[in-house]
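Given below, in the form of structure tokens, are the structures.
Consider the two complexes below, in which chain A is the common component and chain B and chain C are the respective partners.
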Partner chain A sequence: MFDGKEWLCRLSAIDGTAGDEMRVAEAVIEAATPYVDETYVDSVGNAVLIRRGHSGGGPRVMLAAHMDEIGLLVREIDDAGFLRMAQAGGFDPRALLGQEVFVHGRERLLGIIGSKPPHLSTATERKKSVPLQDLFVDLGLPCADVHRLVQVGDRITVRKDVVPLLGERLAGKAMDDRASLVAMLVCLEELTHLRCSAEVMAVATVQEEIGCKGAEVAAYTLSPDLAIAIDVCHGETPGISDDRVQRLGEGPVVTFGPFIHPQLFTRLCDTAKRMRLPIQIEVAPGHTSTDADPIATVQAGVPTALVSIALRYMHTAVETLDYGDVVATGQLLAHCIAALEPAFVEGLTCY
Partner chain B sequence: MLLKRLTEASGPSGFEGEVRDLIRTEAAPYADRMYTDALGSLIVETGLDKPGPRVLVAAHMDEVALMVVGFTANGLLRFRPIGGVDLRILVAKSVRVGKAKLYGVIGAKAVHLQEAGEREKPLALEQLFIDIGAVSEAQAKEHVQAGDIAVFTTEYEEMGDGRAKAKAFDDRVGCAVLLETMRGSFDVPVVFAFTVQEEIGLRGAGPVAYRVKPDVAFVIEGTVCNDVAQAPSHAEGTRLGAGPALSVVDRKTIVGRSMLDFLLETARAGDIPVQLRRVLGGANDAGAIHLTEMGIRSGAISVPTRYIHAPSQQISLEDYANTKRLLHSVLVNIGQEGALA
Partner chain C sequence: MMKELLEGLIAVSGGPGQEASIAAAIRAQVQTIADEVYTDVLGNLYAVLHASHDKESAAGEGDGKTVMLVAPMDEPALLVTDIGEKGFLRVEPLGQLEARALIGARVRVGRTGRLGVVGVSEKVKLDDVEFAHLFVDIGVGDADAAQQHVRVGDTATFAYHLEAQSEEVLIGHALSSRAPCAVLIRTLMQVQTRATVIAVFTAQSLVGSRGARVAAYRIAPDLAVAVNASPASDTPDALPGSLRLGGGVAIKALDGGMVVAPGLRDGLLASARAVEVTTQIEVSPRARSEAGAVFLTKTGVPTCGLAVPMRHAGTLSQMVDLRDLDGAIAVLTAYLRDL
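Moving on to the complex of A and B:
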């Protein structure tokens, strides 16, 4: 029995920044193995999970969800052994103050991003946020030990186990995009119950947060007939107008816009209607900033769609989502893929 | 593990019950008399039959925290701090809310949705919410009510070289020192008091001192320590690992010269490292105790605590051990003729 929630809690807690996704890849392969025919890690680190169709000659479908999370790098080790940081992905430094982190040196070390006691700070000081260059990591180690165990360039990840909220809601540090990995796993599991002629190439991609590197390579190598990227999108947040965000718990978010293949978008919407599965539509007038963007233009072009999971507080330690949306996303994908007929796929290049 | 159980217990000012119950169980075997007062402080009297000066040793049970004050239409909780909390440290942290200890998170607008320059300004209280996962105000109200408290979820763990991190070392580390010291035997009557509401104005300690009427009092605290990355030496307050910090002057108390000399001499004789607390900001229960009735000679011994009032605070376990040693020696020496002359 596939326990997706359990896997999501496990995957979100794994440390894996861009370029260091191996631990995530191992876990994803472990989770997917019962539902696929073949797994491998490609030359850039993407984990590829292949489930063949029930007969040969069906369409070849690529799914992409990224494994990497945003992180930090050691920029400098000061005279007292405190670490200064550089960004490796888009953090708001305000969300880092007082956070526990892991520093991935010769061994994994627990650290605290220090804060000044309110007793010592002035009112004027408290009106300014602390910029990244003034933040530091305290490992609680003598300077010599820090130099022995840590070097400039070592990775730093935020430490946060998943926090279970009311109902199906969960908060964690890397729901972006481990939630989509779980949606992909739900899809693969669901396909075992369906008759599907398509070959599914589910790719857990690397280095999305620094420019969708892994997906591009995977799409070139696999050369799929069509592709669907899975990522997170912004959930409703106080102070943000409704048109920029989607609602948690109200279903998968299907994107419409010039970067998305129009027929594939329509097919996803029709599938949802057929299954009576509520979905939300997000419109993107330009790039989607997901793996969908580079996949669509590799080789001679790939018809590509994007399905997202609404998530609040993106790129903080408490990214919050509704697990129901994760399951629904996986189901939508599985039923869409299982119903793909060759004529539809051929028609994707006919405008 | 006493420090773990004490720091992981919930005890905001005015809501110290869980910590009090834990301490009551721990203290029971060593108490001649144990009772609570009108504000909720727990008083443990030992050595009642002993002659000599009556000594009060106090540590506060309460911690800084948050209180739920309202709801938004989409089910988020509005809150206000209890005690001195720098709002900047709340962003992207998790808390446990109310008696049911529901998990909640304090989120922030995603960086992608911010306007230029937004991140240079801290989030104001009006922009911070606790998200318990409720989908509506009605659902939130099924689980939480105004007045419920929220505390950080930090677990106690050892880290680095002889350090530990937890929430609420201020002042559970003091409570732990008292509980461990209580196991010793002294030639004087010692009253161990676990006070309430220190963080919101030293409110519990005064009534305790009035009731106990000690001849001398010692406060055991977790105190500010800012000996971190490029902080100038004069702004450190205390230094981690340099031993318990003795108060000289703070916002509420000037420690008497004879008291300071007694503590320094006790440390010297016992070969216990100590440091002077080099900061005027902050205060502790001594501020209330030393002005009680006709005045009570009071001293304060503190465990330096980095990132005090933040979710993950750090102490040196060596400082903790040396604070216990110092308090033990103090209680041994205080009965001697002319100790505070």
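Moving on to the complex of A and C:
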């Protein structure tokens, strides 16, 4: 029995910043193996999970969800052994203060992020949030040990296990985009119960947070007939107007905009209607900042759509979502893919 | 004739990602002249002239070559992101638009044709106006009524016509894309060449030359010529630039995404001289064309470009000179003939 929630908790806790996703890839392959025919890791580190259709000649569908999480790099080790940091994917420095982190040196070291205490800050400094350049990691080790175990360029990840909240809500790090990996796994599992002629190539992609790099390579190599990217979007949060966010627990978010293939978007909406599954619509003016962007323009173009899971506090260690949305996203994808008929897929190439 | 063609093209709405109507309008123009017309996954329109048009003449360099002509089809638009309780629409820009310049502008929802007016929150100072402060009023009382005419994800383009200021000078809101398209259409009508010519009217140019990129991949041409409209800097206090309205078609040396190889640029100049067309050289670091995206396709595509000088670029009253457009058609026709 596939326990998606359990897998989400496990995947969320794995350390895997852009360029260092191997541990996540291994776990994803382990989780997917019962539901797919073939798995492999490609030349850049993407984990590719292939589930063949009932009969040959069906459409070839690519799913993409990214494995990497936002992280930090060691920029400098100062004379006292404190580590200065550089961004590897867009952490909000305001959310870093006081966090426990792992520094991935010769061994994995636990550290904390510190800064100047308020008592010793000037009045002007207290009014501003502390910029990344003034934060540091304290490993609590003698200086000589720090230099022996850590070098500039080593990766830093936030340490956080998933916190179950009320109902189906979960909070943790790297929910962006491990939640989508689980949605992809739900989809693959659901497909074992459906008759599906399509070949599904589910790709756990690398390096999304630093420019959607893995997805571009995978799409070029696989050259699918159509693709659906899965990512997270902003959930409703106090202080943000309703038209810019989606609701937690109210279903998958289907994106529309110039980068999205209109017929594929409509097909996803129609599938949801047929399933009586509530969905939400999000509009992206121009780039979606997800794997969908590069996939759509590889080779002669790939009809591409985007389904997202609403999530609060993006790019912090307490990314919060509703697990029901994860399951519904996987189910929507499975039912949409299983119902793809060759004529529809053929029609996508004529606008 | 050029004026009528442009009138027809500018009357059709075509925001980025929603180019189906403008593609159909262009298809109607090229259907009878092209050997083949088709669209692709991203909504690009292709018109192909096979290399059989001039069998009589002696074999030349152009034999067996495929030349891609490329012009953008989409126009700046507002993307509807939300329909508020009272039926007012929230919008985000597609393409280079400045929020405060749009206050009071008339827009038309591409899909349904519903007219709207851009309004602004009166609590904000004019200098501080951003798109979050704008809304579109489509003249209904509540969200349910608004749903009849528009849905989230629709694009609204600007609802103006082509106006002739004189015999030569035209004003229109979407000339930045439709003038280059018209140049391609008219060239297809008259060109005689030994090369296979594929004219691509691209989708999604304003959101990052996405159409041009996949079209170039699909065609993998031996040579590409991009046509775009570039800002003229002959107005008071204009930012420095090389172009003058009515100064002739511009041969591209450089734009924001492309530097043209001198050899290719000289080829266009030689063709212009051969047909005695006045030209100027384009150096527009702030302008964009499809050339850059096409150039970087696969192992690289030799790419050059022509630009139509345009005043008031980025506003709803773009101005072009028909003599510059005619020059572009003449140079392009001669260049393809000389291949």
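Definition applied: the second predicted complex is superposed on the first by the 340 of 351 C-alpha atoms of A that agree within 3 Å, B and C clash if a C-alpha of one lies under 4 Å from a C-alpha of the other, contacts with A are read in each partner's own complex, and residues count from 1 in each chain.
One rule holds for everything that comes next: contacts are C-beta pairs under 8 Å (C-beta built on N, C-alpha and C of every residue); 3 or more make two chains touch, one makes a residue touch a chain.
As the structure is a prediction and not an experimental result, all values here were calculated from the model.
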Exercise. Do chain B and chain C fit side by side on chain A after the overlay, or clash?
Worked result: fit
For this session: Figure out whether A:Gly286 sits in contact with chain B (first) or chain C (second), or with both, or with neither.
Result: second
For this session: Identify the partner contact of A:Leu120: answer first if only chain B is touched, second if only chain C is, both if each is, neither if none is.
Result: first
Exercise. A:Leu348 contacts which: chain B (first), chain C (second), both, neither?
Worked result: second
For this session: Report for A:Pro142: first if it touches chain B alone, second if chain C alone, otherwise both or neither.
Result: first
Exercise. Of the two partner chains, chain B (first) and chain C (second), which one does A:Ser129 touch, if any: first, second, both, or neither?
Worked result: first
Seminar exercise, completed: Three-chain overlay: angle at chain A's Cα centre between chain B and chain C, nearest 10 degrees, stands at 130
For this session: Considering only touches as defined above, state whether A:His261 meets chain B (first), chain C (second), both or neither.
Result: second
Exercise. Who does A:Arg169 touch here: chain B (first), chain C (second), both, or neither?
Worked result: first
Seminar exercise, completed: Min C-alpha distance, chain B to chain C, superposed, in Å, is 12
Exercise. Overlap of the chain B and chain C footprints on chain A, residue-wise?
Worked result: none
For this session: Could you please specify the touching residues of chain B with respect to chain A in the complex?
Result: 72, 74, 76, 84-89, 91-94, 102-114, 119-123, 127, 129, 131-135, 139, 143, 153-154, 157, 159-163, 165, 224-226, 228-231, 235, 237, 279, 281-282, 306-312, 314
Seminar exercise, completed: Counting only contacts in the complex, chain A reaches chain C at residues 241-243, 256-262, 265, 281, 283, 285-287, 296-297, 299-303, 348-351
Problem set entry | Touching residues on chain C, where the partner in the complex is chain A | 15-20, 23, 38-44, 79-82, 84, 90, 92-94, 132, 152-153, 155, 203-204, 207-208, 210, 213-214, 217-218
For this session: Report the residues of chain A in contact with chain B in the complex, numbered from low to high.
Result: 78, 80, 82, 84, 90-100, 109-112, 114-121, 126-131, 136, 138-142, 145, 160, 163-167, 169, 171, 234, 236-240, 244-245, 248-249, 312-318, 320
